[in-house]
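Each chain gets a letter, A, B, C and D, in the order it is written, and its residues are counted from 1.
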Amino acid sequence: MLLKNTFAQTPPMGWNSYDYYDTTVNEAQVKANAEYMAKYLKPHGYEYIIVDIQWSDPNAGTDRKNCQYINFSHFNIDEYSRQLPAENRFPSSKNGAGFKPLADYIHDLGLKFGIHIMRGIPRYAAHMPLKIKGTNVTADKIADPYSISKWNPDMYGVDYQKPGAQEYYNSIFELYAECGVDFVKVDDICNTNMYRENPYSAEKEIEMIHKAILNSGRNIVLSLSPGPAVIEKAWHLEKYANMWRITDDFWDNWILLKNMFERCEVWQNHVSTGCYPDCDMIPIGWLGKGFGLERYTSFTINEQITLMTLWCIFRSPLMVGAELTKLDSETLELLTNDEVLYLIANSHGAIQIERDDTHAIWFSKDNNDDSCYIALFNLSEISKTITVSLKDIGINSHAFIRDLWKHENLDSVENIVTANVPSHGAALYKLKFCQ
Amino acid sequence: MLLKNTFAQTPPMGWNSYDYYDTTVNEAQVKANAEYMAKYLKPHGYEYIIVDIQWSDPNAGTDRKNCQYINFSHFNIDEYSRQLPAENRFPSSKNGAGFKPLADYIHDLGLKFGIHIMRGIPRYAAHMPLKIKGTNVTADKIADPYSISKWNPDMYGVDYQKPGAQEYYNSIFELYAECGVDFVKVDDICNTNMYRENPYSAEKEIEMIHKAILNSGRNIVLSLSPGPAVIEKAWHLEKYANMWRITDDFWDNWILLKNMFERCEVWQNHVSTGCYPDCDMIPIGWLGKGFGLERYTSFTINEQITLMTLWCIFRSPLMVGAELTKLDSETLELLTNDEVLYLIANSHGAIQIERDDTHAIWFSKDNNDDSCYIALFNLSEISKTITVSLKDIGINSHAFIRDLWKHENLDSVENIVTANVPSHGAALYKLKFCQ
Amino acid sequence: MLLKNTFAQTPPMGWNSYDYYDTTVNEAQVKANAEYMAKYLKPHGYEYIIVDIQWSDPNAGTDRKNCQYINFSHFNIDEYSRQLPAENRFPSSKNGAGFKPLADYIHDLGLKFGIHIMRGIPRYAAHMPLKIKGTNVTADKIADPYSISKWNPDMYGVDYQKPGAQEYYNSIFELYAECGVDFVKVDDICNTNMYRENPYSAEKEIEMIHKAILNSGRNIVLSLSPGPAVIEKAWHLEKYANMWRITDDFWDNWILLKNMFERCEVWQNHVSTGCYPDCDMIPIGWLGKGFGLERYTSFTINEQITLMTLWCIFRSPLMVGAELTKLDSETLELLTNDEVLYLIANSHGAIQIERDDTHAIWFSKDNNDDSCYIALFNLSEISKTITVSLKDIGINSHAFIRDLWKHENLDSVENIVTANVPSHGAALYKLKFCQ
Amino acid sequence: MLLKNTFAQTPPMGWNSYDYYDTTVNEAQVKANAEYMAKYLKPHGYEYIIVDIQWSDPNAGTDRKNCQYINFSHFNIDEYSRQLPAENRFPSSKNGAGFKPLADYIHDLGLKFGIHIMRGIPRYAAHMPLKIKGTNVTADKIADPYSISKWNPDMYGVDYQKPGAQEYYNSIFELYAECGVDFVKVDDICNTNMYRENPYSAEKEIEMIHKAILNSGRNIVLSLSPGPAVIEKAWHLEKYANMWRITDDFWDNWILLKNMFERCEVWQNHVSTGCYPDCDMIPIGWLGKGFGLERYTSFTINEQITLMTLWCIFRSPLMVGAELTKLDSETLELLTNDEVLYLIANSHGAIQIERDDTHAIWFSKDNNDDSCYIALFNLSEISKTITVSLKDIGINSHAFIRDLWKHENLDSVENIVTANVPSHGAALYKLKFCQ
């Protein structure tokens, strides 16, 4: 097994600051969410706390009505162009401590700590120019003035052919490894949507980052964003990364959720140990404060069940987007149904059996015995009976059947599995002794 | 396991008339190739004899300098629009016998028989119009006047929403099943390249054909052409077909062979029992007579080794394009190296470890023990030493190593596998006790 | 001046059957509209009566809820594949008379007669095949089985490289010339939207049709459809045709009308004697009966004024789509404002001075003196004062100004022309002694 | 007439430094070329001396084998982000004199002076940030970090919606007007090829530059680069600019020259006073020194005649790319044939009569009498007789005919004009007394 596949032997589960805080999260808020996770979610497998985009900018979010990211911002970097936390937002980072105190705090809670970065090197560093650590090269010699993001103005891409390029990436991962970072979400790299002719134009930067992680000596999970990932490059993603976004940003919108079935159908043969196509964060509970749109999720409870069922049977990473400290009991219950979450680490081979505009059926197998799983999704606007013939999927035996959402055994089935599923809802069944 | 996956439990191996005969093959020629196969190739696993395109047209190939397919040809069909062999080319088909006598002959040799069809219903039938068997519907009611092929003028696509559409496909597969057909290559269906916005526009015809095969009650292998297949629809192909072309027509041209590495890299996670991404026929030996370009393959011996190595480790179907009766001993030897062919039925999990403009490395595992396979390809114009670190692919043990092309054991290896590979050539190694 | 430019020295004005009758118009209806035109519209310049698509199909429109055009229809053709009027719809065409009696009737009213044809030769003729008049070639030898329309199933394109191709087009224009046809609208030819990579793929058919018209000896105006015409081929259209559609089908919908400003801006330098970019029929009055949607136009009176103002200053052909016999007095008045219509034949050099999302300004010059015209359009949802500085358009003198819609002189202006224009409305001014 | 159309009442003729010097031209070289022009070319109408790209960079061209433009260069700008000449290359610009001394020198020779600029504001200025003259805005407030060039790393586009944007452009044109600049070639603006979906994305910057020129009070000709210009936006170009490139960079390559016929055919209706579609510089004589490829033009003499004939009948601007001081007598003669050059200022209405893969025919009219011009081009590889029927172009009278390249009268013609034209060559005739 590739070393990088040992960094995340099952799909990562955790919390990400973006859906609630946008670019604005601060140390106290991160800690509060971590404390909640340690207490209520860790027993169910959640362990990652991820600080998302723009943590080095002291002014992030201060001009939100005009822009999400501040143009030409002089965000916090060290003499080697490496981003440091904005000290006004992360007070423990002062005096060169960086993220270490916060990471220590999170580790002490029994959790893991992750951060977001943009691909590349700060534009400002290239224009000054600043030095690259451990080299006699300056930033202008490795930065590519034509390699920019379509949506964030901070960085220039790094040209792998230039001396100092790998050293730059090594230097930033050394810093993060020293701080105790366990997970890095790299952005503008999975689909570089600025470049229509080649959305996978950052291929070599993915390789440099992979090498920089191995070079750091720390088991840092590599998560790539944004999507949609390029299916033609699945083999490359599987070789160098642990998870990669298969859609553009996902939010609490039924159209986006319905579309995820198509994305999962494309990627269904590409889920394996250490390799996780990523359906993006789970936008339930309270969301959107940093965007100036604080709200309770627009998803109905049936839609939330559909979301969790698909993410779990497909085995997407599970990153909660909600502000955890405001989690209501229904949402908490939904996120902590152990019979459903069991699939994340204990099933494999999920495939879509059927899909049309009104329904979808998924199937997977248990890792530990000959049980299997069937998920029935109602994509239509009215309640609907959905049926799958076991023979059609090559199963010829009786089966005991259990409803994983309701925690109850049903009558055993012979030829078919059937359920009346509410509009936009789902049912998830475990079949024992099948095949 | 899906029933259709039992029709071809390993990648089909055989012969196809196209590369040598184009549209012109006749009964005597088919028989001669079948006899050769029974004698020389069957012991090594080859068993299919496929009659490719335009066998119902008595004039096929008679205006070759102007066109490959004759516009508005009145080719041989029965009263229900079902194609019958051109009697001048297939004399045994007279008096309504169809392909049965030829299929019987081939079966008696211990081989299997396959034919080519175009998706759809003859245009002529729609304009007359003719009846659909077992219905009171006529061809004009199911034919879609806007659904045509970009390169063959014979057919209109069939609209699955129309009564009689499934019955039409049922009727033709009933006829072929009665004749003893074991394999059908359906064309203009895998990539309907007429329709740029939707190259998979024949999706519903694939489903109708799949159902028609099940309805026929005969185990008919379904092969889809031409490529490139649409990777986003892998799940659909895997559900309804046995093999599908992953490239446009392949010929004896190094650029095309080199490009196949990219095609295989895209499809590497989609090879499984009953599901075979298809690299197309093997254009070696004597080729091109029907095209007016009879020639010995342009591939060098090293390129032929590269081809066979890639097709075998990737587990593509193996369909020989050469005129078998003219096979020289070197080509025969290449096609019948049992240690290499062993991978077709006895290995799995092939993945590309590396690829750049000058080399590629592939890796797969044995089905029966913990052996594995490593293929080293030199894509450059000069000979080259290619090396793979076993540790990089997660293997930490000693290995005994065997060269499968040369049938010789090499010194055991510890950390690396290395070989000096000639330009455009390949090495294929089996490693024992690895991992 | 090119001979073809003498066929239509000013933009053609008339009536077309499509907007009201779809495919179903019959002889009595054509005559009724012609009689109305002769009486009420001819004095204002309208003179063409055009029978639009599918006049040769006796069953046209009988399966309207399923299809606009009947697949594989056996419409009325002669032994040389030339379409004849459906006799059940055009009784005077019996006994081989064709359109001659109807054309004579229309000519006797002092009007001109036009018909619609699809590019190409009937598919049925190619499959039989039928003979080409005056040759020993059959239809299958000139028809291109890959050249079809995206939206009408009747024809195959004709390959200009084949002997008999020009003769086929000559034969149909001979027939139409003999019948007295003055105008032919050829469809699926200006933008062959089936072929995305080359929407002007019928270029050579345009040339053949042009030659066939010259060969016929009759001054037949050539109108090409559908749009959008390809601006890169303006020079070719200007050389071979009299008018060409610059948009897809136009209907009574504000979005389409607003978009027309962009289309006219693209084509503004391509209006000249005998060469008329065509904004399509005028969908006002009663519309849509043949479509099963009989209705009074959805355009408000202000939108109708905008339409007429743009069509007239731009100098589009003016083809009324309304059922004339049901014309109300307001619509009739709108269509017969002679001061506005005057621009069609007596102005030139129309250019757009300004356009943004809320307004547009056009300018043109009088042919006969130094007067000029200014049209002010309000594209926004509220009434709006629109102003143009005369200096900005290079005019430095005083001007007397007349409102052409209201038939009244306004105060003379010095530097600016300004008007308060209602939402979706327009003002049209004539300036005397300017510049 | 629009004021801007008075700045260039005939197509500009002159010299441009790019084809010979690339980014490296210096003051002495500019003067030497100006002196040559004053002496030998000015009598024939040439008058512009244009200093092309990168004149503010002291190091331009010093790393030519790696890059044409130096990434993150600190080129010479003033405190308001306005580029100043590199003092090491333009010594007279020292002490804040800028281009004034050089412009004065050129004016004293009776010539006009032009410079090149990139659209936008220096990236460095945005990152510092620097102030915008006459405002309290800084460069980071008007620069768009997402608006870059695909091929030059110097600038960010300017957002017209931001306060200070127009003032920035005003400030640079004030500076250039004060220096005596008569012509500005603005680059990365006509086709912003970075942005495939919208190659005319700099539309608003064109408008700002136009306003800045009017604001400067100086008659500065506005030339837009690179091409191909977007024909759909012809009206906008005609409103705001004087000339715009209709192709990508043109060099001494037959394929490019042959392609120019297609470009001219597209733009033939868009040549008018003050509005000149631009075929790019004339790469004849000695070229390429700055590119490290100094050479005599690859064009044969026949190809040079074709080039000059097309540029003159089409009425493209004529900018010589050759190093003038090295001009040989044949090239000088070619550039100074007054009978041919006469068309630049004294003809109009050029249209393409015919074009196929082997020949082209163009036609235009004299401004002063009823003479007309016919150019016959042989695009094939062998010599060829090319004939045009006068009747086909609507001319019915006798004509006296003169060969403008050979300065000789030919026999008068009646119905046709014909010439034997050498491969890749052209003939240009003036016809007197034709219609």
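What we mean here is this: a residue touches a chain if its C-beta (ideal position, glycine included) is under 8 Å from a C-beta of that chain, and two chains touch if they have at least 3 such contacts.
Source: prediction; values computed, not measured.
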item: Chain-contact steps, minimal, separating chain D from chain B; value: 2
item: Farthest chain (mean CA position) relative to chain C; value: A
item: Mean-CA-position distance for chain C and chain A (Å); value: 56
item: Between chain A and chain D, centroid-to-centroid distance (C-alpha), Å; value: 52
item: Distance between chain centroids, defined by C-alpha means - chain C, chain D (Å); value: 39
item: Residue numbers of chain C (touch at least two other chains); value: none
item: Topology of the chain contact graph, where touching chains are joined (line, ring, star, complete, other); value: ring
item: Chain-chain contacts as defined at top; value: A-B, A-D, B-C, C-D
item: Contact set on chain D toward chain A in their complex; value: 71-72, 123-124, 126-127, 129, 140, 143-146, 148, 150, 153, 196-197
item: Footprint of chain B on chain A - complex, ascending; value: 1-3, 5, 231-232, 234-235, 238-239, 265-266, 268-270, 351-352, 392-394
